[in-house]
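Across the two complexes that follow, chain A remains constant while its partner is chain B and subsequently chain C.
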Partner chain A sequence: MKINSNLAISDTGFIFNPSNGDSFSTNALGADIIRLMKEGKKTADIKKAICEKYEVDPKVLDKDYDDFMSHLRDHFLVSHD
Partner chain B sequence: MKTEKLKYERPAIRKLNTGLMNKFGTRTEYAPVTHIDGVSVRELISKYGSPCFVLSERTIRKTYQNAVRAFKTRYPKVQFAWSYKTNYIDAVCNVFHQEGSWAEVVSIFEYTKALNNGVPGNKIIFNGPEKSKDDMKLAIENNSFLHIDHFDELYDLIELTETMKKKAKVAIRVNMDTGVYPMWDRFGFNYESGQAWNAITKIMATEYLDLVGLHCHIGTFMLTTSAYAVAAAKLSDLAVNIKYSYNKVLQYLDLGGGFPSGNTLRGSYLPGTDVIPSIDEFAEAITSTILNYGYKKDELPLLILETGRALIDDAGYLLGSVIANKRLSDGRRATIMDFGVNILFTAFWYEHKITPAQEFSSHTEDMVLYGPLCMNIDVVRQSVNLPMLNKGDHVVVHKVGAYNMTQWMQFIAMRPKVVLIDTEGNAHVIRENETVETLTVMERKPEHLKTFKLA
Partner chain C sequence: MTSSSKPKITVAVTGLNAVDSPGPGVAVIRGIRDCEDFDVRIIGLSYESLEPGIYMPGIADKVYQIPYPAAGTEALLNRIEYIHDIEKLDVIIPNFDAELHNFIKLSSRLKAMGIHTFLPSIEQFESRDKVNLFEFGKKHGMLVPRDKTIYDVGELNQITKDFEYPIVVKGKYYEATVAYTLEQAQKAFHKLNAKWGLPVIVQEFIQGTEVNIAALGDGQGNTISAIPMRKLFITDKGKAWAGITLEDKTLIDLAEKFISATKWRGGFELEIMRTTDGKPYIMEVNPRFPAWIYLTTGAGQNQPAALVKMAMGETVKPYTTYAVGKIFVRYAWDQITDVSEFQKISAFGEL
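And now, the complex of A and B:
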């Protein structure tokens, strides 16, 4: 899964997609994930980083991560590698 | 050194609809409610289970006293009668009776409950279309007020009192056009067609019937005060005609119930609290009409009110928990709660305010809230904007005190406990949860159906 590389993301979780003018708001973890994806990090590494930073069961994260990816796909923010 | 990890909240993203901003701005419907009357929601759930109904005795008394004030500061003789069907858990009824309320009942079941609570027979109003001769006999012996609903009942009553040789205190229920549609004309005798006057004539000609009042209940969750002014005027017109024709002064006018609570009706554009008239406005419409009708000062009737919903809805809460989150095929978030329309019957009428019971970040999402029933109708909210809810999180549903604890159904799941928080902040169970035993105790298995063998 690759994030659209020209997305603009602010510190407060505001996201702008210059290719179509859509804007979004995301929460802290959502913003973290998008930033790490933009840095080109692999999914496994992203999840590892999250587990180190947040109090979360890896199984719960797996499920929520997949759900989040499907949202990003629906909003045309990611594409398959 | 090991640093503390951050509290987890699942990642979320929401599209911003520029140009389509909600004209009311963002509603802060979801500010967390962690305590009810100072008692922690988390503790209540750990002690009494989830889901669980909670009633605030403080709010009941405050709401009742405010309604009494609204009427008594405008009119000299006012009496409330607690509408049992709204919430007939004994402890709840007794809060109202301690405050001075009579009882208003619509079945022999409710009548018996009122008697068992210790309400004197002559302070019980017996309404409703179904009263058997035995029911009426009991009510007459107890000197209760019988509100006659139809001619068949009137003739039964005439026959009954003649055999008993005892006077019955009666009123008729009157239905009428108050300018609110659909008009409720299935209960009582119609005013405009002259049916009500015919019933009155019949009663006045009957030896053992003592016509003491007139009753109406023009609808429920009424949003216009003018309908009550019309109702008060039409009842007054009948009362004045009775005085003129028979030289009889009626003891009371009973304006029924029907005032709205602070809930938001389904499909309503604005939140309920923004559109509903206050109890003071209803009181003003009713009392000014009666006071200006031209009664002699010493012949002013007692004003009875059978307010239900407006006195108890705001005092009730339903605590519940998230069972699961999923996404629907169209991308919407769906959250499944451990309570549904089985115990929250009023979800069919209201967009209930629902708040999380723990702190959240400011990110919110639109979702459908489903109940736990394996049934398509089990929708608590079609669309609600709430903070991120995780499995196991608690929520508080607001203003659920009216009708839910009487109209709930034992369907698929068992009904939960009801807890009352007293004015000192102590919690009391006032109705136990159902168990498999309490439910099956009423069942009988014929001998040939006691056993079976599966291959």
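And now, the complex of A and C:
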């Protein structure tokens, strides 16, 4: 999954899609995931970085990660590689 | 540059009706006043005594009423001659669809008086008319929804031969209604006919996200400015109460293609419906600046000021960048004025 390159994300987790004017808020974890995606990190590396930063069961992360990607897809913020 | 070395120009602007379905005049004036390249005196031209822009401080230096478009070109010219004798106008910027025809017809006579305009030709103006838009799109390879011009409500009975419901029923000049049934379409026809006259236009309904582009062409096929905006808050009349500038090359390309194809001279607005698969359909072409034009100034491309410069014969370089994510939020404001002011504009046609 590839995040739209022109997406803007602030330190507070405010996301702005300049292509259609949509804006969203996400929590710190979501903001971290989007930032890592923008840096071009692979899914496995993103999950690894999140596990290192947050106290989270990898299985729970897998489920939440998929759920988050589905939200991003629904709002046209990501595209397939 | 000191203020004394700046050119001094007098610009007359219509469309002072800054109401819930606003004319662009106040926004155009704000853009012109923001430009530091000239000192400007603004003459407001109004049709009605309660247009808010008449009374707004810092907008028009002086206001004159002008005759309604239906009075014809001679009545308009007579009034402009009177105003010009007093004010020595350099430029007139008309901002209503319904008045443009008269101003375009008068443009050479105005020029002879020393008054500049920067308007499309009659041919350009008519080619983008709702009635001709589908053919226009076909000719220039632009996506435009299918439409049908109707003069009689009975024609709606046969409309399903060409269209599936919902359909969009549009007034000759303004307003559109989405109709889901024949009854709704008939009601919309009568309402639009009563308000704007015939014909009424039936258009294919396109599902998507509405995006608008404010643009300025130099009359040679070059795009001086194009700024796309998405409405963030829409009034019950479908007007933008808030909007945000977008970054989308396909929209800029579309505006450039339109200008290149038409050699459009002046400001205009493209109303676009972008489908979920990204296809931009041109729903309407408004042949003048939109009411949200001040957002272009806020985003770094002052279209009203650029138009004034071009009207005065200056060559303006095309803008290349603008700020994405600039937002306008309109507001309502109760101005206090006195009956004596209202009396001046009502009784004498001047304030």
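One rule holds for everything that comes next: the second predicted complex is superposed on the first by the 81 of 81 C-alpha atoms of A that agree within 3 Å, B and C clash if a C-alpha of one lies under 4 Å from a C-alpha of the other, contacts with A are read in each partner's own complex, and residues count from 1 in each chain.
Keep in mind that, in the parts below, contacts are C-beta pairs under 8 Å (C-beta built on N, C-alpha and C of every residue); 3 or more make two chains touch, one makes a residue touch a chain.
Since the model is a prediction, treat every value here as computed from it, not as a measurement.
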item: First (chain B), second (chain C), both or neither touched by A:71; value: first
item: First (chain B), second (chain C), both or neither touched by A:33; value: first
item: Chain touching more of chain A, residue-wise (chain B, chain C); value: B
item: Residues on chain B engaged by chain A in the complex (per definition of touch); value: 5-16, 18, 325, 327, 331, 361-363, 388
item: Residue ranges of chain A touching chain B (in the complex, touch as defined); value: 13, 15, 22-30, 32-33, 52-56, 60-61, 64-65, 67-68, 70-72, 74-75, 77
item: Interfacial residue positions of chain C with respect to chain A in the complex; value: 209, 211, 229-230, 232, 243-244, 246-248, 274, 324-325
item: Contacting residues of chain A [partner chain C, same complex]; value: 6, 8, 16, 18-21
